[in-house]
């Protein structure tokens, strides 16, 4: 469904992404793991076109973008078929929880208001925050904000959802609930593909069809959770797993 | 003749000759204002009873009234105070009243700048200083003030520039500063426009000079004015990305 | 001190508060319109125009208001009649409402300050707000006016209060263009008996109350709206 070829980005001579080739099939769940500063977040942002890479190709369902030349029309078209969940939640601070979910639907996708309200109500009930629908982000806890963030992404009914370390800004006791919610989303999804950047190895193991290991802006290895997490062949991956005390 | 470029050159030497008056107002009031401002800030940060409250009232008065009104209140009110102190008012020159008025005005603004800068320093900095065995004075002297100086420099710069502009109001009391002099020579020669343009140029150059002086001494970085609002951490990613994709 | 005269002066000053407020508010709103435009030009770093505004703002900020007022007065008094001749109208300076000279000069001042305030406020909105808006598919324009601008304007409210009080204080100089405002009205009163200290004190008290009310109102508004702003979502 999405195919990335030769993607590179550098900031003042420092290579953040180095010739990345990567693809996700329809409905597939892929986790990206690796040490901090590996370029995982940058890569995810490139897929959502929040960053403009220096070179490379992104092919989204036949819509091809050749970097660094981008047309705003193409960018918007791809963004409207994807959604992203941010590490710092990034809820719109001037909108209520409810408006956060409907904003993209009404303004960007031109869905009529009643339908958008219906979608938002259903999602808020599903994540258990219907009572908080009129609260502003400032009045919500981190865990609640992230659940709204996930709802905002789901509301758009995207073909691809990107999760950027969705739990790493949360207090430890809230991580479990949020991961459960994402697992639930993964289990009940119809056709959506998911890319998850995460430091939670057990979660990655449980939820993913495929795991990608990134280091220094490049993909070092990829395979099933069994291959990468249980029997890693690459010594770098073995070291990394040891350092995060997995197994 | 509405405008004659020749007069721009001819009037300039006369107008610039009053530069020392303008500069002396700025320099004396800045130094006096900083000292008095520091004292007021001390009262307010340490919450000294009564003085804290008086300081707040004073700052509110200065910030809530036009400087022209303050000048005249000092000009007409100070003699009574000086009389009480046993000073013969006739011996006090007009410009001394200006030093007092502008100094009192700057003190209020400086005290707020100093107070904000010190309040913005995280309390953990005090904790850290005390934990290595410093006393309060040492903590201020070695840890807090150096950090606060950097934080307040841009605001001090803004204050000095506005003091420079406000100094032009001394004209109302017959002081021959840049503004007063340009008024005078303009009226005398009938070429007011040229005289005022000269004055404008002088004020622009002086403000730029203040700006570069602060930068020269490493107190400010380039073009940061509203510093409190300027913090935007650079993420791992390209910060300009949203401007490029347009 | 002549307390009776002080109170008489305060009464006169209060009567002229509307004029002072009119001068301050009109120039504030003119400044708001142009300031927002300039702030956007500067924020998006529009080539050439952005640099142009950077310099005009910093240079016009360094000219004393009294000088600006005097020069405008001079220009208008000299140029109005010839200009009228060109348009074919009989424009006489003595019929020209001098308040507009004052408002024009004050507007330059407020435009500069509003532009800088809003630009800093725009910069202070976290990048993540742009990211989030783009990720749900909003365009730059939709993001700017739906998400970013409301936040920036809200966080500027206390600063707007400061700008308005500065304008009100600055308007005390409009006697230079023969407009009768709060201060000038009291001065006219004082010319009768030369009790200038009382007159200036009266003006000071009225200005003080006026500015304090505005400052508190803007802080109050700022606190109400800051309820919606988050400390730790970036």
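Letters A, B and C name the chains as they come in the text, with residue numbers starting at 1 for each one.
Definition applied: contacts are C-beta pairs under 8 Å (C-beta built on N, C-alpha and C of every residue); 3 or more make two chains touch, one makes a residue touch a chain.
Predicted model only: the values in this text are computed from it and were never measured.
Asks: Using mean Cα positions as chain centres, tell me which chain lies farthest from chain A.
Replies: Ranked by distance of C-alpha centres from chain A, the top chain is B.
Asks: So which chain ends up closest to the centre of the protein, judged by Cα positions averaged per chain?
Replies: The chain sitting closest to the overall C-alpha centre is C.
Asks: Can you compute the centre-to-centre distance for chain A and chain C, using the mean CA position of each chain? Integer Å is fine.
Replies: Chain centroid spacing, chain A to chain C, equals 46 Å.
Asks: What's the distance between the Cα centroids of chain B and chain C, rounded to whole Å?
Replies: Here the centre of chain C sits 20 Å away from the centre of chain B.
Asks: Once you find the CA centre of chain A and the CA centre of chain B, what distance in Å lies between them?
Replies: Going by mean C-alpha positions, chain A sits 51 Å from chain B.
Asks: If a residue has to touch 2 or more other chains to count, which residues of chain C qualify?
Replies: Expected reply: 126, 131, 134.
Asks: Send over the residues of chain B in touch with two or more other chains.
Replies: Residues 242, 245-246 of chain B each touch two or more of the other chains.
Asks: Pull out every residue in chain A that's touching 2 or more other chains.
Replies: Correct list: 45, 49-50, 72.
Asks: Under the definition above, what is the set of chain C residues touching chain B in their complex?
Replies: Counting only chain C, the residues touching chain B are 44-45, 54, 58-59, 61-67, 70-71, 74-75, 78, 116-117, 120-121, 123-124, 126-127, 130-131, 134, 140, 155, 165, 169-170, 172-173, 183, 196-197, 200-201, 203-204, 207-212, 215.
Asks: For chain C, which residues count as touching chain A in their complex?
Replies: So the residues of chain C in touch with chain A come to 126, 128-129, 131-139, 142, 146-147, 150-151, 154, 227-234.
Asks: What does chain A use to touch chain C in their complex?
Replies: These residues of chain A touch chain C: 45, 48-50, 72, 76, 79-80, 82-84, 86, 88-95, 103-104, 107-109, 136-139, 142, 145, 152-153, 156, 162.
Asks: Inside the complex, what are the residues of chain B that reach chain C?
Replies: For chain B paired with chain C, touching residues are 2, 60-61, 63-70, 72-73, 76-77, 161, 164-166, 168-169, 171, 179, 183, 192-193, 196-197, 199-200, 203-204, 206-208, 211, 223, 225-226, 229-232, 235, 239, 242-243, 245-246.
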